[in-house]
Amino acid sequence: MDKFSVFSSRLVEKSENFTSGHRACQGCAEALAVRHVMKALGRDTIVAMSTGCMEIISSPLPLTSWRVPWIHNAFENSAAVISGCESGIKAMMRKGKIPAKKINFVAMGGDGATADIGMGALSGALERGHDMVYICYDNEAYMNTGIQRSSSTPYGASTTTSPAGKASIGQHTQKKNMAQIAVAHNIPYVATACSSFPFDLMEKVKSAAETPGAAYVHVLSVCPTGWRIPTQDAIKYGRLAVDSCVFPLYEVIEGKYRLSYKPYKKLALTEYLKGQGRFRHLTDKEIQLIQQRVDKDYERILRLSEEEE
Amino acid sequence: MDKFSVFSSRLVEKSENFTSGHRACQGCAEALAVRHVMKALGRDTIVAMSTGCMEIISSPLPLTSWRVPWIHNAFENSAAVISGCESGIKAMMRKGKIPAKKINFVAMGGDGATADIGMGALSGALERGHDMVYICYDNEAYMNTGIQRSSSTPYGASTTTSPAGKASIGQHTQKKNMAQIAVAHNIPYVATACSSFPFDLMEKVKSAAETPGAAYVHVLSVCPTGWRIPTQDAIKYGRLAVDSCVFPLYEVIEGKYRLSYKPYKKLALTEYLKGQGRFRHLTDKEIQLIQQRVDKDYERILRLSEEEE
Amino acid sequence: MAKPMEKITWQELEAGSVVTEIGNAREYETGSWRSERPVVEASQCIKCGVCWLFCPDACIVRASDGHFEADLTYCKGCGICAKECPVGCITMIAEEG
Amino acid sequence: MAKPMEKITWQELEAGSVVTEIGNAREYETGSWRSERPVVEASQCIKCGVCWLFCPDACIVRASDGHFEADLTYCKGCGICAKECPVGCITMIAEEG
Amino acid sequence: MARQRKGIEVSIAMADAVAQANVDVIAAYPITPQTHIVEHLSEIVANGELDAEYVPVESEHSAMSVCCGSSAVGARTFTSTSSQGLALMAEIFYIAASMRLPMVMALANRSLSGPLSIWNDHTDTMMVRDAGWIHVFVENGQESYDNVFCGFRISEDPSVMLPLAVNLDGFILTHMIEPVIYEDNETIRKYLPEVRMKNALHPDNPVSMGCFAMPEIYTEAQMGREQGLLDAYPAVVKAWKEWGDLTGRYYRPVETYRTEDAEYCIVTMGSYGETAMEVVDALREEGEKVGVVKIRLWRPFPFEDFRSAVEGKKSLIVVDRAISFGGPGGPVALELRSALYGRPNAPAIVNYVAGLAGRDVARSDFRKIILEGKAKASKGETEGFTLYGLRG
Amino acid sequence: MARQRKGIEVSIAMADAVAQANVDVIAAYPITPQTHIVEHLSEIVANGELDAEYVPVESEHSAMSVCCGSSAVGARTFTSTSSQGLALMAEIFYIAASMRLPMVMALANRSLSGPLSIWNDHTDTMMVRDAGWIHVFVENGQESYDNVFCGFRISEDPSVMLPLAVNLDGFILTHMIEPVIYEDNETIRKYLPEVRMKNALHPDNPVSMGCFAMPEIYTEAQMGREQGLLDAYPAVVKAWKEWGDLTGRYYRPVETYRTEDAEYCIVTMGSYGETAMEVVDALREEGEKVGVVKIRLWRPFPFEDFRSAVEGKKSLIVVDRAISFGGPGGPVALELRSALYGRPNAPAIVNYVAGLAGRDVARSDFRKIILEGKAKASKGETEGFTLYGLRG
Amino acid sequence: MLEIRLHGRGGQGAVTSAELIAIAAINKGNFAQAFPSFGPERRGAPVVAFCRVDDKKINIRAKVYKPDVVIVLDPGLLSLLDPTEGMGEGGILIINTKKKPQEVAIAPGRSIKVVTVDANTIATEELGRPIVNTTMLGGFIRATGLIGIDDIKEPLLERFGKKLGERNLKAMERAYQEVSIGE
Amino acid sequence: MLEIRLHGRGGQGAVTSAELIAIAAINKGNFAQAFPSFGPERRGAPVVAFCRVDDKKINIRAKVYKPDVVIVLDPGLLSLLDPTEGMGEGGILIINTKKKPQEVAIAPGRSIKVVTVDANTIATEELGRPIVNTTMLGGFIRATGLIGIDDIKEPLLERFGKKLGERNLKAMERAYQEVSIGE
């Protein structure tokens, strides 16, 4: 449990803009992340959401878990849909067709929607520089359709389309680094976050929303179903990901890196991997190799953050 | 004219795998880049090409300028098509259906095909790590359809869809940095090149082809029609782009930067801008601002290259 | 109250099937999913709200005396609150069949 | 020789309109596009091949004596060779109407 | 803008109409032959002559997605595409209709790959004929200009709320300079007032759009879409009638030319209509009892108008500009046969597929099609279709 | 693999068939309800049981693009998709046919958005009915398994060279565990030999593929595509005949059940066929002279088979699983009407659209459709269509 | 034809139970179907699966509306739904519960055979976790006699592999023995 | 109806010439069309544009196959194509060339009026570049009388803006004066 949380829950927005009654799995920390994000954003927000777990579990006609204006159109295009919402409102406000007021334009999608099928739409929206926030809920696979690999699935994870088997270690490509790709788009705000660190997450979402222009927030979202862990451990595994530096928390503001959280003691990767069904098949040697990669990537982030200081 | 070129033409592959009779504009340096690339690649190459100038000018049924196996399928998918060619040949060779031999798998597209509509397919192919080379011919707009802006059009350029006008400077977003985005994909080889520096270009294409896994080469390709310059100046403007550091030539090998060419004397941006019809409307003040940005970006590349040394 | 989907006639849907009753998912009681129930030992609760903060179903509510407890209408029984409670005052109990 | 496109019958096309005669674009003579013609002063040519290297239409050829000249069948008259020739031995001359 | 008659490229006239319609958002991706429309619009916006967001999207898929977002917030939205662009956005094109999002698209019809062709036919629009959009076909520049206004009027009509495509033949119309009468802004404002969409996305009135449907409710949701199209029919007729009352130019779902006493008719859609009329005039002088039936409204399909237009004719020669490969031939002939199926004395239907990918269909070709078609009909050779002008 | 009868999920049976067919490349993107097919294939490859490249593409657009590349080099290529996936790849789906690239797709039919639905109907496949693919519909697990082999055989036939889709109803078939007879590998090798594509891309035999076509030549290029489909018809019949001779299981383009003396028929496509037969049996016992006509080959459309199957019937009740919004109703009824147009004594055609997005159509529903349809036909109420089971 | 409906929760493997019954029947030479209820339900949510067994080819492609046998994998579901819905006279209801058959409340006047298995206990003891989908098959086999324990062995071992399969088999056999059959 | 065909090269603005004629005619109250030959040709390639003028609505949507007037913007094209193709008796051929009409070789026995303009020289002098599309209109106006110089003024100024427009006008007027009309 992260150190800030104990006594500061009372500072958190009480109202729920993403309501109970949604049909996420028991213990879904992706739904939790949505809940946190919506607290940070508040009511003056328009959300465009990609097809995926969060969409399906929140909107079975005629019911909706959303209390803010919400639109789902397709799987790969929420970045483009929100571009349209933003452009439309901007034009209408400028022309006096509707009263001016600050509205957060937020697109959301899973890692598949973001790093794979929606990459084109996202890249285009970032480049055009709409005043928007894109939030990727990264549960490291296509969960909605039954745990298929995405380009954000980590090396070595077994999924239904990258199964571990006699001739395969499971996923055999490295996790695509979406935050880094977003940074390469030269947008003013990029951050990584995790719902196991809710205050940090909420602060980042607020910063993103306040940044004029395009912002990108990459949220590691633990999926007990897909990761094959007990439901009650969803928060724990988010913490382990961060504390073992598999998923460092940082911000990149106008190209400058800032580490948001440095683990008191960097945990060994095994802490994180063990207990997750998707990694069960990995040998110690394989874990060793992965550890090297994690170290290297973390050092890079450390170096970049220090450079900026 | 770059310093190596005078006496070493004789070292260059003589045969033309991209033949005369193509219908590119007079003085098209994009066609010249294709010619250079095909010299570097040689006959054991399969090319998948996106829709665009180079496709249209080289393949009016029943004629073709290609002497290597060549496929055009659509505008946005040459990275995916070549993924299929590579996978198919790889599988068939492994299974002994066809004899084993080294073949270069090369996808090519314009900047629109690459940085805009084909971004998703490219990102996917890079991530999957096919043994392929992707070559972007960047003439900084959609030329085939009549000089519309792309995300690779530089700030301030007037195109038919980002026209300079009373309420607009022309293109008002910054040029998307595709090489940097490719680097963020953690592929083993990324380079920038220009057909005004043909030896450098050919070396890079060869290196890219020899690199196992996915490689990306970004080729600045001067288009006299779209840039509104005299046809005979096509080579000159490529040189100016490089010498004014608007378009630095570099390689990134396994994440390490290497500057390939450092101008003897960095030229002022005006050298490059003046004479180009697309920039004619820019005021001195605007040029000043652009110069600052160019300087900053160039310094970044310099710094990154030095770090690695 | 939204009409149950299997009763709605086509004329009753808004154009484009837009849903105008926001947040009406609360009519769907996910408590039925639960096989275990969190039980809070109120006397030990330090009222920190951690359980509230981490419940994916937003179904921890504050009782009038300030301590927190699960709203069983929605609680799916994931056990996160029990696991995360810093003082360990929540226990998961099997639902009776 | 490829048949001109306006003569080809559908039966004469390969399945999928695949073209099997590679490089046959050379049948299309882009020399007709030219309004100016590069003329090489052979005696001054230092045979460096720069014109050859930079011709977008691959239509600079080497004469038997080693100097370079334009193949007017394809030369579109862009003037690059003239501009890039390090010794300036190529001149562009207007084609006569 | 005052009322005036101009010599103008049709694409520019359409762009000017879009500006007069005071749209809020234009999102489009360039593709030949649609380019001139969006280029001129960018220019108008760049010059500050239209206060709108021009969103230079990275693909047509995103063009339609941006339009969905923009329409969903209630902004007046325009887009334009052709061919591959339409194919690439096909998924979202369907969704736009199902979500009942008003917008107008100038669909500069062009052949679908492959082989790649930039020239005109109707294969692109035919690919999405089931999607639930309203489809209007125009014949000339004036109709292109006019139907931008009528298009918004119909599309945004609260009883309709559906996207609408103005289909115009690529190059043949888009790149044609010809006379067009511009209406003044007053007239346009009167004809096309601002409407605030009932369920537009806005924090002041939050709604959820695009919820998913279980089997228990999907059929009902689809009936809404179908009914939207059925309701569109009277709205279209009304919008055209009012436009005619204002401008003197009237449009009808099915238009006929010299059909009253005709024994047989040629049926066309799009810019071929004018040439067909011209040829029919000539044939009439030779004593042929022939007329022209022009389908202007393709979706919702005007069954009754069509049936009454061809009532009592001996035969119809339907000129399609698309094929359903391995199927029954051209989509228009297919639907017309279905519409007349089982009717007593239904006319014989002969189907030509002509002018694929911009192959010129000149007056002499029409003449040949009409006379040959008539002969086929009388010989009972009505099955399948003829690919007109095929070599080999 | 020895010949055996297994209880197996249909998706897995199909995946096993793909492995038995020894494909070289599988490129697919997951989408419900196609997922189990590709998941099982990844597993087979991961276990080293099939030597193939499984390309985990980032979208369906790229799935089809990869398949085009792979087929172009002459590799045996398989893919699978559904619904939105098909819509997203639509552009390339058309191109695959025009480039004459053999491959087999398992098209797990599912409704098209919006609203989003993961359940079964035929709106997805109908979107691409003009594209030039061969389309086969299957009714059960055995047919799904068998038609993978027949599919490759037909698709790769040098006289055909066209991609082929095996359409199977999503969930209803894909997620069904039922008995399937597996053939042994010997039989498969015999039936489905390796073929080396004539113009496959390779440096040893360079060719150019996908050149663009000017108006002067486009029509001719398209005729090749059309002719490919016409030539596919005999190839399909032959491939099915030979499969039958090997396995005892024969397929035909149009299949009939108790139609000989039937006065009217129900027409279905896909997995409804079996229930229809069951209900027809029951109705027969009550004295109804009713039969079933099942369309198995949808493209190339088997005109003659269909016509002779319904010759002399009084009426046909066509059950469609898709709508062309604002148009004539279901696409199957549309084409059947066109196919019988103008024939003497053509049957009355009544059109139902049923089972959209997975709404169950049980035996009682079929019974109702048949009897109600018959009554409508006899009253001459044959226009338009009925959205079966609609509330309101 | 015998029609079976199974009630469970997302993640509990109701479809696997249906599948194993169907495969066993098919292996015996019968015809059978097994299929899920095709919903977007998630882990924890009440779900339904179906199975049909017959000695001739089955031509139905709809859900089971009138089950002959109903299996309830999760006792908690009994308070949420009526497991006997659509069931005719003489139906068999097999429930995972500690209760005895006579303690299970059934609408009065219906002649339904109630069978109970304390599957949670058995599964927890044999498999270490209360995953009861295979255990409950023991109850099913005993109550219906439709297939034998031996028939299900092979599919079960194929499905779970030898090690895990044998433990599941053990649980199933125990359930077969320990079942309580009412009426 | 008068049908006109223009031959030029990609980038030379043949369509603009056609356009200006059409607009001038339309502004006079006539009907007209102007359109390119719709090709993928590039800068330098021979291209064609068309124009039709009539006093009633024009209903043709095909290329011009039988031109009454042909304008050749680039003298180099004469050696590549027959500008009189499809032209009937009495046609007018207007060529940019230094030559006199009688020096232009026409198939013997055809009664075609040849008109020549040294547009390169005029344009280079007036506009600084040999862009002859507007200059050649002077020849066209003089040779056909279809429209007057005044009719084209407004569209020309609108097209090119005042400054550049006036220079183009000047070039056109000079061509009008300096044209050589054959036969």
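When the chains are written out, they are named A, B, C, D, E, F, G and H in that same order, and each has its own residue count from 1.
Note that contacts are C-beta pairs under 8 Å (C-beta built on N, C-alpha and C of every residue); 3 or more make two chains touch, one makes a residue touch a chain.
What you are looking at is a predicted structure, and each value in this text was computed from that prediction instead of being measured.
**Student:** Among the chains in this structure, which pair is joined by the largest number of C-beta pairs in contact?
**Tutor:** Going pair by pair, the biggest contact count turns up for E-F.
**Student:** Which chain has its C-alpha centre farthest away from the C-alpha centre of subunit E?
**Tutor:** G
**Student:** Sort the other chains by how far their Cα centres are from that of subunit F and give me the top one.
**Tutor:** H
**Student:** Please compute the C-alpha centroid of subunit A, do the same for subunit G, then give the distance between them in whole Å.
**Tutor:** 40
**Student:** Where the centres are mean C-alpha positions, what is the separation of subunit E from subunit F, in Å?
**Tutor:** A distance of 31 Å separates the two centres.
**Student:** Roughly how many whole angstrom separate the Cα centroids of subunit F and subunit H?
**Tutor:** 57
**Student:** Two or more other chains touching the same residue: where does that happen in subunit B?
**Tutor:** If we look for residues of subunit B contacting two or more partner chains, we find 23-24, 26, 28, 55-56, 59-64, 66-68, 72-74, 76, 115-117, 119-121, 123-124, 127-128, 151, 224, 231.
**Student:** Identify all positions of subunit H at which a residue touches two or more other chains, and write them in rising order.
**Tutor:** If we look for residues of subunit H contacting two or more partner chains, we find 10, 40, 44-45.
**Student:** Name the residues of subunit F that each touch 2 or more other chains.
**Tutor:** 56, 58-59, 61, 84, 88, 91, 95, 98-99, 113-116, 118-119, 206-214, 216-217, 219-221, 223, 358, 360, 390-392, in rising order.
**Student:** Within their complex, state which residues of subunit A touch subunit G.
**Tutor:** Residues 23-26, 28, 56-57, 60, 224-225, 231.
**Student:** Okay, in this complex, where on subunit F does subunit D touch?
**Tutor:** 98-101, 161, 198-199, 206-209, 211, 213-214, 216-217, 219-221, 223-224, 227-228
**Student:** Write out the stretch or stretches of subunit H touching subunit B in their complex.
**Tutor:** 10-11, 40-45
**Student:** What does subunit D use to touch subunit H in their complex?
**Tutor:** 30, 32-35, 76-78, 95-97
**Student:** Report the residues of subunit G in contact with subunit F in the complex, numbered from low to high.
**Tutor:** Those in contact with subunit F are residues 18-19, 22-27, 31-36, 38, 40, 58-63, 65, 155.
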